[in-house]
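Okay, so here's the structure we're looking at.
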Amino acid sequence: ACGSVNDGAAASGDKASSGGSGSDQTMVTVVKVKGIAWFDRMDEGVVAYGERTGIDTRTEGGDDVSPEKQIQIIQDLIAQKPTAITVVPNSPEALSAVLKQAQAQGIKVVAHEATGIENVDIDIEAFDNADYGIDIMENLAQCMDEEGKYVQFVGGLTAKTHMEWVGAAYDYQTENYPNMTRVETPIESTDNETAAYEKAKEILAKHPDIKGFQGSAGNDVPGIARAIEEAGLEDKVCNMGTSIPSAAAKYLATGSIDKIFFWDPALAGEAQLEIARILADGGTIEEGTDLGIEGYTSLKKMDGYDNVFVGDAGIAADAEAAKQYNF
Amino acid sequence: MTTTARSGTPAPVLEVRDIVKTFGGVTALGGVSLDLRPGEVLCLAGENGCGKSTLIKIISGAEKPDAGAIVVDGESFASMDPTDAIKSGIQVIYQDFSLFPNLTVAENIVFTSAVGARRRFFNPRAARPAAQRIIDDLGLALDLDAEVGTLSVADRQLTAICRSLVNEARVIVMDEPTTALTHTEVAHLFAIVERLRARGVAFIFVSHKLDEVLAISDRVTVLRSGKHVVTAPAADLDPRAIAQHMTGQEVDDSRRVTELAPGAAPVLEVEGMTLPGAFHDVSFTLRRGEILGLTGLLGSGRTEIAESLFGVHPYESGTVKVDGVPTTVRRIDDAIAAGIGYVPEDRLTQGLFLEKSIADNIIASSAEGHRTRWRTLDKRAIRSTIDTLFRRLRVKAPNVQAPVRSLSGGNAQRVVLAKWLARRPKVLMLNGPTVGVDVGSKSEILDILRAQAAEGMGVIVISDDVPELVACCHRVLVVRHGRIVEELAGEDVDVDSIRKKVAA
Amino acid sequence: MSADRSRAALLRRLRGRNNEGVLVLVLLVLVIGMSIANPVFFSLPTAFGILRSAIVPMIFALGVLLVIISGGIDMSFAAIAVFAAYTTIKLQLAGGYDLGLVGAFVMALVLGAALGAINGFIIAKFRLPTMIVTLGTRGIFTGALLTYVGSRYIADLPGGMASVSTTNLVAVTSPTGNAYLHVMVVPAILLAVLIAWMLRRTMFGRSIYAIGGDAEAARRAGIRVVRTQVWMYVLVGMMAAVGGMIYMIMGRSGTPQELVGDELDIIAAVVLGGASIFGGRGSVTGTVLGVLLIQVINNSLILAGVPSAWQRTAVGLLLVIGVGVQAIAARRSARRIRTIDESDDAAAGPATTPVQHEKVTA
Amino acid sequence: MLLLVVAAFALFTVLNPAVFLGPINLQNIALASPEVGVLALAMMLAMLTGGIDLSLVSIANLTAITMSTLYTAIAAGDPARAEQLFPVILLVGVAVGVLGGFLNGVLVAWVGITPILATLGTMQIYNGIAVAWTGGKTLYGAPAGLTAFGQSTVGGIPTLFVVFILVALAIGLLVNRTPLGLKVTLQGANPMAARFSGINSSRVLMSTYLTTGLLGGIAGVLFLARNPTASADYGASYVLLVVVIAVLAGTNPNGGFATVLGVVLATLTLQIVQSGFTAVRLSAFEYAMAQGVILVAVMVFDQVKWRRRRRPAPPVGAVSATTTA
C-alpha cells in the first residue's frame, strides 16, 4: 500500500515530454508575483515567444511574494502535465521538493535567478550575480570618487540574490576601495518604496556625510531617491542599484538616482522557454550555446555548478540610456 | 372579565389587542389583551415564562408580535419599533436593564431621551444636571461618572429606573424593577410612582413580590403560559389568590424548617474575617443541615462577605474552617476545592453562559467530577447528571440543548442552581436565590434548598426578601456597615423583627 | 466618601478613560531612551520624519477605531484604500484627463464610500461579525482591483495629485539636516480632531459607543442600529480612501500591491491605544498615542544602532514591553478603584476580574 | 460546510475533469492541506477562548529551523548518527514550538495582554530570531527519514494528510471530550461566568496557548517534511489564510463556538477551490476574490438559515461586551 508522491514517473513521463514540433507543447512560466511591472514585462516576452513558436505559453504567479504560493501553483501545474515549467523562485531551496515531483512526472524544469537550485534541468542567469554586484560597486565607487561612506539596501535579508549582489559588492569594495566604508549591515526595505524612503531618511540623519546608496530591490533606489531629493542632496549623494527604467525615470531625471542596473525580463523569459524547448526536443545546453536571444547568444557555464548557465544580459543605464526602454 | 370600561373613566392611553408571539416552537403569548388608563398602575403577574417580558418587549417595540395590535391614544400599530414607542411617551425598564456598560451613569440616564428627541449633538456636561435631579428625587447616592459596567446589580437597576423617569413619559413600564432593591429604595420608588400617577402617568408594573404588587397597583392582570387568566382590582385580591391564579394551585410560603440534629457538626466556621473597606471582624458558624440567612441594606457588605468566602475578593485577615479543616481562600478555586459553592447575585453576567446550552451551563463547574479512567469526559455520567437535575429542578425549556438566553428569569436561575448542585458542595451560598423567580418556583426552590440541607449541606441565603428568609432559615444574621450586628434564631425569625433590625 | 469620589474621579481623569496616561509615559520613556542611545534622534528632522510616517497609519487607525468601538474588527480598510486611490489614478491616466487635486479626492471618496457601504450593508443587515465580513471583502476588493482595474506600478501620478507630492508645510534648515513637515499632516490632524469631536459631542458618535457597548440595548433605546452602522462604515470607507490617496501622493506613485497585508499593525496600534476589541471603548487620544508609539519604534532602530538582522525582534520586544507595562498598570488601577470608594460594591466583580482582555488593555 | 466541499469539487470536476480529477491533482490537494490545516486548528483553538494567535507561522518556522540546524550540525560530524537521532531532533523541534506557545501563554494568561497584541509582538520576535539565526538564508537539510516520510503515501494517500487527520482527531477529542476542552469553550463564551464557575482562566489560557504552540511546532515539522528546507519567512501568507479558514469553519472570533470538523472541511474547500482555479487557468487575483465571496456567502447563508430557526441574538460583540465590561 505504501508508495511515494513521486510515483508514476514512467507512466506519464514520456507522454508529457513527447512531441517535438512546438505546436502541441505547453510551457508555463511561474514568476515570483503577478502584476508587478517587472514580471508584466517578462510576460510580454513569454507571450511573444509563444506567438513566434506556436507553443502554448503563459505565466502564473501568486498575488504576493511567497514561496508557499509558488509551491502551491507548481504543484497544481504538475497535474496539468505541461511540457515544461520555467520558474523564477522566491526561495530556490523551498521549491526543491515540488520541482523534484515535477521532474518525476517527466516535466522539464528551467529556473532563473536561482543559482544553486536543486532538481532543475537548467538554471539560466542573466549574468553572474557576483559580477553584477561588482559592476554596481565599480560604478558606485567611481561616482563617489572611491571614498566616503555608503550603505546597502536589500529587499529582504532572506532574498538570496540580493544578498549575493551586496555581498560581492562589499567584498570587492573592501579589496579595491580602502577609502570607502560601508555603514550598517544591509538594510531591509521589504521591497517597499515607502519603507526604503523612511530607512534612507534615518540613514541620512545618522550619517549626514553619507555619500553612496546601493539598492537591490526594484523599489529601493526610487525610495532612497525621494529621501535624497527631500534633503536636496541630488548632487552630493550617489544612488545606484537595481531598478526598472519606468520606476526610476523621474528620479534619474533629477539626478537623485545616478544609475540603474537591470536585465530585460522579457528576454530572460524567452531564454528560459527557449532552453526548455531545446531540452524538450531532446537537445542539450552546453558552454557557448546560442539561444538566439540578445544577451544569451553565448551561454557560459558557471563553474562550481553543472547546470547553471550564465548569459551576458546585464544592462547599466543612466538617465539618457534609460529612456530607450519601455518598461 | 372585569376590564369592561367603567363609565366615566378616561379613555385608555394604551391598549393591547390579542397579541400573539411565538419563538420557534414556544408560544410565549397566545392572544393577550389589556388596557391601561391614565394615572393607573396595572400590575402584570404570572409564573416565570408566562410571557410578561415578551408582552412588554412588544409594547416597547423591542419585539414584533406575530398577530394583534397595540393602540396608543387610539392610534393603532400592527407593531411598534422602539422609536415609535419612545416618541409616543412609552418608557421601559427592561428586566435585563438594557444599559450601556461602557458609558457613565449620567450618559445612560439621559441617552435614551436624547435619541428619542432625535438630537444631533450630545454634551456630556449638559447631561449631568438632568441626571442629578432625578437621582436626588430618588434620594440615591449614585456616582454619575462611574461606568455602569462597574456597578453592582442594585446600582444598575437604579440607573435603569432613573433613565425611565428622567423625561416626561406618559406610560412607564417596569419589568421587575425592584429585584435587587431593598425596602428603602423600593419605598422611594413607590413614592415617585405615586407622585407621577397623580400627574396622570400610567404604569405597568411587573413583580414577583406579591406584597409589593398589592401595595402599589390599582388593578392586577394575571397571565398563565401566555394566556390572560384574570384582571381584577387589587383591592379584591390577596397574595394567596394571585398565586392561586398564577399557578392554578395552592402555594405554601409558610415557615418550614427541619429540626437540626442537636449534635450537628459545624461545616463552616468563620472567625474574625476582615476585608478593609468591605467588612470587619465577621464571625459565624454554619452547621451541617442548617440554612442560614444573611441580610442587610444595600452596600452593608453582605455580598462582599459571601464573595470573600468564595475567593472573589479575598479577605485580608481572619480564619475560615470547612468541616473543621482550616482553609485559606485566596482564589475561587480554593473555595470550590474546599467545597464552597456560590450562586452569584448577577445571574446574567456572572452566573450563566447565555449563548451556551442548558446542558453546558449545568456541567460548567463540575467537569473534573465527570472524568473517565482516561481523564476524558464521561459523557454518560454527564448526561445522567444533567437529566436528573433538569427534571428535579423542573427547568421549563424544550430540551437541555436550548440556549440559556431563551430561558425566562426563573428558569435561568434554576440552571445556575443546577450547576452547583451538580458539584455537591458542602456549603452553598446563594445571593438572592429567588430574585425574579415566581412564587410557585420560589417555594419549589426553597424546597430544594430544604432538601439539600436535610441531606447535610450547609446553606447560606443572602436575601432582601424577608418572607423568604423567614420561610426557610434556621437563623438570620443582619449585617450593617460591614459588621454582623444581629443574630435571630428560632422564634425571633419573623418578618417584622427582621425588618426592624435591618432598618435600625 | 464624596472626598474619595472626587479623588477617584481625579485619578480616572489622569489615567484617562482608556489608560492614555500610562501610554504617554511609555512613549516618553521610549523617546528618552532612544535619544540617549543616539542624540541625533532628538532632533527636528527625526520628529518631522516620524510625524510624516505617522500620517497614513493615523488616518487608517481613526477608521479602525470607529469600527472597534462599535464592536467589530476591520480587515478591509487597506483594500478599500488601495482600491479607491489606485482606481482614481488609473482612470484619470486611462481617460487622459486630470481631475485636479480636489476632483481626485472627491472621486476617491465616492469609491471609498461605496465600498464602505458594501461592508456596512452586509454586516448590519445580516448581523455578521465584522472581522469575518471584512476578511471576505478584503479579498474581494483587492482581487477585483488587480483583476479588473490593474496591477501595474504607475510611476507618474496625474498632475493634480503630483502637485502636492513634495509640498511641505514647514521646512527648517538646521545643522542636523533639513527638516520637512509634509503638508498632508494637515488633513490627518483635522481628521483626528473631527473624529474626536464627533465621538464626544455628536449623537452619532455616542451611538457608536452605545452599539459597541450593547447592540441590543442600543436597539431598545431607539437607536437605528443598522442605519448607524451602515453610515459608520461609509465614513470609515471614505477615511480609508483618504489614507490611500495620501499614501500614493506622498509615495509619488500608484502602487496597487502595497498597504494590503499590514492591517494588523494598524489594528495593534489602535488596541494599544486602549480601544477594546470587544467594543465600546476607545479614544482618539489613545489611538494617536498608539500610532505614534508604533511609528517611533519603527523609525528609530537604525538610529539606535540595532543591527538590521535584529530589528524585527526589537520591534516585537518593544511592542510587548509597551503593552505589558500598560496591562499591568491597568490591573493596578482596577484594584485601586475598589479600595478608594469604600464599601460601595462598585468594585465587585467586573472591575477586579483579572481575565478581561479589554479591561486590561483599556 | 460538507455541502460546500462537495459543491466546489463537483464544480471543478465539471469544468476540467481531465486535470482536476487526475490522481496527481487529488494527491496534491491532500499534500498541500496538512500544514495549513494544522495551523488552522491551532487558530481555531485560540479563537475558541476569544483570542487569536498570530505567531503560529513564526513558531512553525522556528521549529523547522531548529530541526534543520540541529540535523546539519550533527550530520556534519556523522551522517548516520544524525539519522539515528532523528527522533531526538524531532522532539527538540516540537519543544521549541511549545516554548513559543508558553511565552504567548505568559503574556496572555499571566501578564494579561490582549492576545492580538501579545501574539503580534511574539510573531515579530520569533520571526526576528529566525532571521538573525539564519542570517536570512534558507537552510537546507533534514533527516532523510523525515523527507521520505513527507513523500510517502499510504494506499495512495499522502502520509502527511493522514497526520493531519490524526491531529484533527486529537484536537477534536481535546475540545469535545476533555474537561479542559469544556473549560476552554466556556472561558471563551463568558470569562466572567467561567471565573464564577471556578474555571481558572489563567490556567485554561496557558494550556490553550501551549497547545497552539505545540500545533505550531507540528506544522513546522510538516514544513520540513514536505521539503527539506527551513527559512524565516516561509508561509507568511498563511497567517491570514488560517484566520479565514477558522472563521469559514464557523468559529466565532469572540469565542465560545468552534468545530474541528468544520476546520478540516474549510481547509479542504479552499484547497480544492485553489487547485480548481489553477486547473481552469484563473489567476491568483481571481482566487483571492473567490475566497472572499465564499467566506461572505457562507456566513450570510448560515445567518439567514439560522434566523429562520431562532430570533437573532444581539450581534456578536454585544454579548462579550456586556459580560466583560
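Order of writing sets the labels: A, B, C and D. Residues in every chain begin at 1.
Assume contacts are C-beta pairs under 8 Å (C-beta built on N, C-alpha and C of every residue); 3 or more make two chains touch, one makes a residue touch a chain.
Keep in mind the model is a prediction, meaning the values are calculated, not measured.
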Original post:
Among the remaining chains, which ones contact both chain C and chain D?
Top reply: A, B
Original post:
For the chain pairs A-D and A-C, which is connected through the larger number of C-beta pairs in contact?
Top reply: A-D
Original post:
If you average the Cα atoms per chain, which one ends up farthest from chain C?
Top reply: B
Original post:
Approximately how many whole Å separate the CA-defined centres of chain A and chain B?
Top reply: 72
Subject >> chain A and chain C, separation of their C-alpha mean positions in angstrom >> reply: 37
**OP:** Using mean C-alpha positions as chain centres, tell me how far chain A is from chain D in Å, no decimals.
**Re:** 32
**OP:** Quick one: report the Å distance separating chain B from chain C, using the average Cα coordinate of each chain.
**Re:** 42
Subject >> Residues of chain C whose C-beta touches two or more other chains >> reply: 142-143, 146, 151, 212-214, 216-217, 219, 261, 276, 279-280, 309, 311, 349-350
Original post:
Can you list the chain B residues in contact with two or more other chains?
Top reply: 101-102, 149-150, 312, 344, 349-350
Original post:
By residue number and range, which residues of chain D touch two or more other chains?
Top reply: 131, 135-136, 192, 194-195, 283, 285, 287-288, 321-322, 325
Original post:
Pairs of chains that touch, anyone?
Top reply: A-C, A-D, B-C, B-D, C-D
Subject >> Touching residues on chain D, where the partner in the complex is chain B >> reply: 173, 176-179, 181-183, 185-186, 189-190, 192-200, 256-257, 309-311, 313, 319, 321-323, 325
**OP:** Over in the complex, which chain D residues touch chain C? Could you list them?
**Re:** 50-51, 54, 107, 111-118, 120-129, 131-132, 135-136, 187, 191-192, 194-195, 201-202, 205, 240, 243-244, 247, 252-254, 283, 285-296, 299-300, 303-304, 312, 314-318, 320-322, 324-325
Original post:
Okay, in this complex, where on chain C does chain B touch?
Top reply: 1, 5, 8-9, 12, 200-207, 209-210, 212-214, 216-224, 276, 279-281, 337-339, 341-352
Subject >> Interfacial residue positions of chain C with respect to chain D in the complex >> reply: 71-73, 75, 122, 126-133, 135-144, 146-147, 151, 212-217, 219, 261, 264-265, 267-268, 271-272, 276-280, 309-317, 319-320, 323-324, 327-328, 330-331, 349-350, 353-361
**OP:** Provide the residue numbers of chain D that touch chain A in the complex, in ascending order.
**Re:** 19-20, 22-25, 27-28, 31-32, 131, 134-140, 147, 150-156, 158, 226-229, 231-238, 274-275, 278-279, 281, 283-285, 287-288
